[in-house]
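Chains: A, B, C, D, E and F, in written order; residue numbering restarts at 1 for each.
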Amino acid sequence: MRSFITVKLHFSAAHRLFNPAWDFDTNQRVFGMCNNPNGHGHNYILEVTVEGEIPPETGMITDMKSLKDLVEERLIRHVDHKHLNLDVPFLDGIIPTAENLAVAFWNILDPVITEGKLHEIRIHESDRNAAFVRR
Amino acid sequence: MRSFITVKLHFSAAHRLFNPAWDFDTNQRVFGMCNNPNGHGHNYILEVTVEGEIPPETGMITDMKSLKDLVEERLIRHVDHKHLNLDVPFLDGIIPTAENLAVAFWNILDPVITEGKLHEIRIHESDRNAAFVRR
Amino acid sequence: MRSFITVKLHFSAAHRLFNPAWDFDTNQRVFGMCNNPNGHGHNYILEVTVEGEIPPETGMITDMKSLKDLVEERLIRHVDHKHLNLDVPFLDGIIPTAENLAVAFWNILDPVITEGKLHEIRIHESDRNAAFVRR
Amino acid sequence: MRSFITVKLHFSAAHRLFNPAWDFDTNQRVFGMCNNPNGHGHNYILEVTVEGEIPPETGMITDMKSLKDLVEERLIRHVDHKHLNLDVPFLDGIIPTAENLAVAFWNILDPVITEGKLHEIRIHESDRNAAFVRR
Amino acid sequence: MRSFITVKLHFSAAHRLFNPAWDFDTNQRVFGMCNNPNGHGHNYILEVTVEGEIPPETGMITDMKSLKDLVEERLIRHVDHKHLNLDVPFLDGIIPTAENLAVAFWNILDPVITEGKLHEIRIHESDRNAAFVRR
Amino acid sequence: MRSFITVKLHFSAAHRLFNPAWDFDTNQRVFGMCNNPNGHGHNYILEVTVEGEIPPETGMITDMKSLKDLVEERLIRHVDHKHLNLDVPFLDGIIPTAENLAVAFWNILDPVITEGKLHEIRIHESDRNAAFVRR
């Protein structure tokens, strides 16, 4: 039997989907409305899932409060109320799709989670669209 | 007994809260994180409530599908996947708070709703914040 | 200051929107997809709101459990897992729109609520459409 | 046209519904499972609605962030992760039903809201039960 | 690290659970209220998850808009506002449980998804019941 | 292709997180607000997922109604409207974290599920925190 916890955090951000190597028409064909030059935005939901053993003396794979503080410090404060294309150094040069956000967040969190092991990063862009990466 | 219907529509947009007549520091003090110069964004939920009589031959105050088409045509397609400060002529010169969006949307919809009478416009900026205007 | 409670109940039902006095084409024009002859269906949410005084010895306008039992007995068991056009005597001859359901439910509940006074009946047909009646 | 904002906050608390002036059997008959002597608990949702004018220079009836900070300071930190019967001085001697919480919260917030006027306090005890007080 | 996207779509349909090879009493014993001869209905939620590589030039496993259009074309328009037992050729002879819907939808979508690979089909019949199939 | 069903049930309970072998300060450092001596509480959501074959004569991995009745009988009635530290024999000596609840529930349900095989137990303590165990 494997055991996991999931914490959920929120952030609100603007973004634009486009590939700067392409002309406007190609971007429009590939990204459609998401290529609006002035950007649009979302209330993102971020779910972080950690797998680990449950120590009997605490009953906690890892302390959820500390995990949330870590995610807040490493991720949320850098992206909340920001423009993902313009304001976030660790997203420089990355097209801010939900898939790429999940990968970028994984790469930041994975090395700093020390109790348990990162299992999944899931990003809900809206209540209709989500992306996730998983071991 | 009064009777009403409510339809709910969604749009995703970027915005920035600031008063161009003020300097950056005043804007920062008043609007805080919402004053990020590159903007941020939300998945907005718009609820439109219409009051009216229920005709026995249809059982409908107004056809919900037609009402949604009207809201889509007059409002949603102008704001969805847009930057509310930069891309929306009917919001020119208006600080795009949830309150002001509700008023602006009211002013557009009220004259064109002909079956029943507009009762309320409610805007959810997130699942924690909403504004509404009502007769 | 006025005080209220709301209880929320669920039921799943089939229905068809059409006026038997009209031909198929007129029904199709007025009710569109909702006129599918074999019907379609919804998970309905019913919200019942009661206004009343809060007696200091109980702190309850009315007992929510008893109110739910009453709604269950008078309404839910007659409509849950039923076809609203075919299986529900108290809806005979009524086009089962959300508006008409709200009125029919009001007419049944209003006389039998004796602690507090019925204030509102709200029917959510989906997370995009609702109707309500209110004093 | 009247205008309003609503902010939503969360707290998790234990409570027991019983009237200390009554014997156990009477409490059991009136409050049922809610009279469990060791208490039970909920994730409460608190919605605070303020009515006011929308000043053109800010577009905000009142700053939602400041309003939430006020509610956090005056209410949430006193009830979150607490036992409502045992840990909250301002609820002493009050049966902690949703109705009574709404009244107690109103009495605390109403005098300290200075931008706009408190319009409604709504408490969701679960996604099936709520109580609210309103002018 | 494996990567996935999920899109969510909605449809409203009527159905009846029964095995035509059995008599009414056997069906009633096995399917209970779901065997109501006139049917009942649900607001179904369909979640489609696709696994794939994330190409750096788009950042998208597959375009979510195109995937939704495909699901709309192949599935949703055939089941939305329909009776699943009577109106849907590809469900002929299949008892329309959530499990069987998931399998039938998988069999239709799997061959036509060409960017990435179908990973999971999940059907929510209500907010209390779901079924899913997965590689 | 593997197939699964998930049923979702709710319960409301009080709990306190602390290790009786430790002094108050250690508990406070480890469990923070969750160590409030009088406890606090949650509306828990329990998701039970069963994997199995879909028999063609029923289209059901297992009857969802019977599965819910089983979970109600074995789990929910023992924890709903209870204090998890004080009122639940099968949780004696267990710190009632979400992780430990998931394990305890697994140990009770796994032996008594006879149609299909238990695949996952997921506990949502709030809409921000969850734990799950899985084969």
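The rule we apply is simple: a contact is a pair of C-beta atoms (placed from the backbone, for glycine too) under 8 Å apart; a residue touches a chain by one contact, two chains touch by 3 or more.
Everything quoted here is computed from the prediction, not taken from an experiment.
Trainee: More contacting C-beta pairs: C-E or B-C?
Mentor: C-E
Trainee: Report the chain pair from C-E, A-B or E-F that duplicates the A-F interface, where duplication means over half of the contact pairs agree by residue number.
Mentor: So the equivalent interface, with over half the same contact pairs, is E-F.
Trainee: Can you compute the centre-to-centre distance for subunit B and subunit D, using the mean CA position of each chain? Integer Å is fine.
Mentor: Whole-Å distance between the two chain centres: 28.
Trainee: Taking the mean of the CA coordinates per chain, how far is subunit B from subunit E in Å?
Mentor: Centre-to-centre distance between subunit B and subunit E: 33 Å.
Trainee: Specify, in ascending order, the residues of subunit A that touch 2 or more different other chains.
Mentor: 127 - these are the residues of subunit A that touch more than one other chain.
Trainee: For subunit C, which residues are in contact with subunit D within the complex?
Mentor: By the definition above, subunit C touches subunit D via 1-9, 54, 57-61, 63-65, 68.
Trainee: Inside the complex, what are the residues of subunit E that reach subunit F?
Mentor: Residues 17, 19, 21, 30-32, 94-100, 102-103, 106, 127-135 of subunit E touch subunit F in their complex.
Trainee: Which residues of subunit E touch subunit C in the complex?
Mentor: Subunit E residues touching subunit C: 10, 12-15, 33-34, 36, 38-43, 80-83, 86-87, 126-127.
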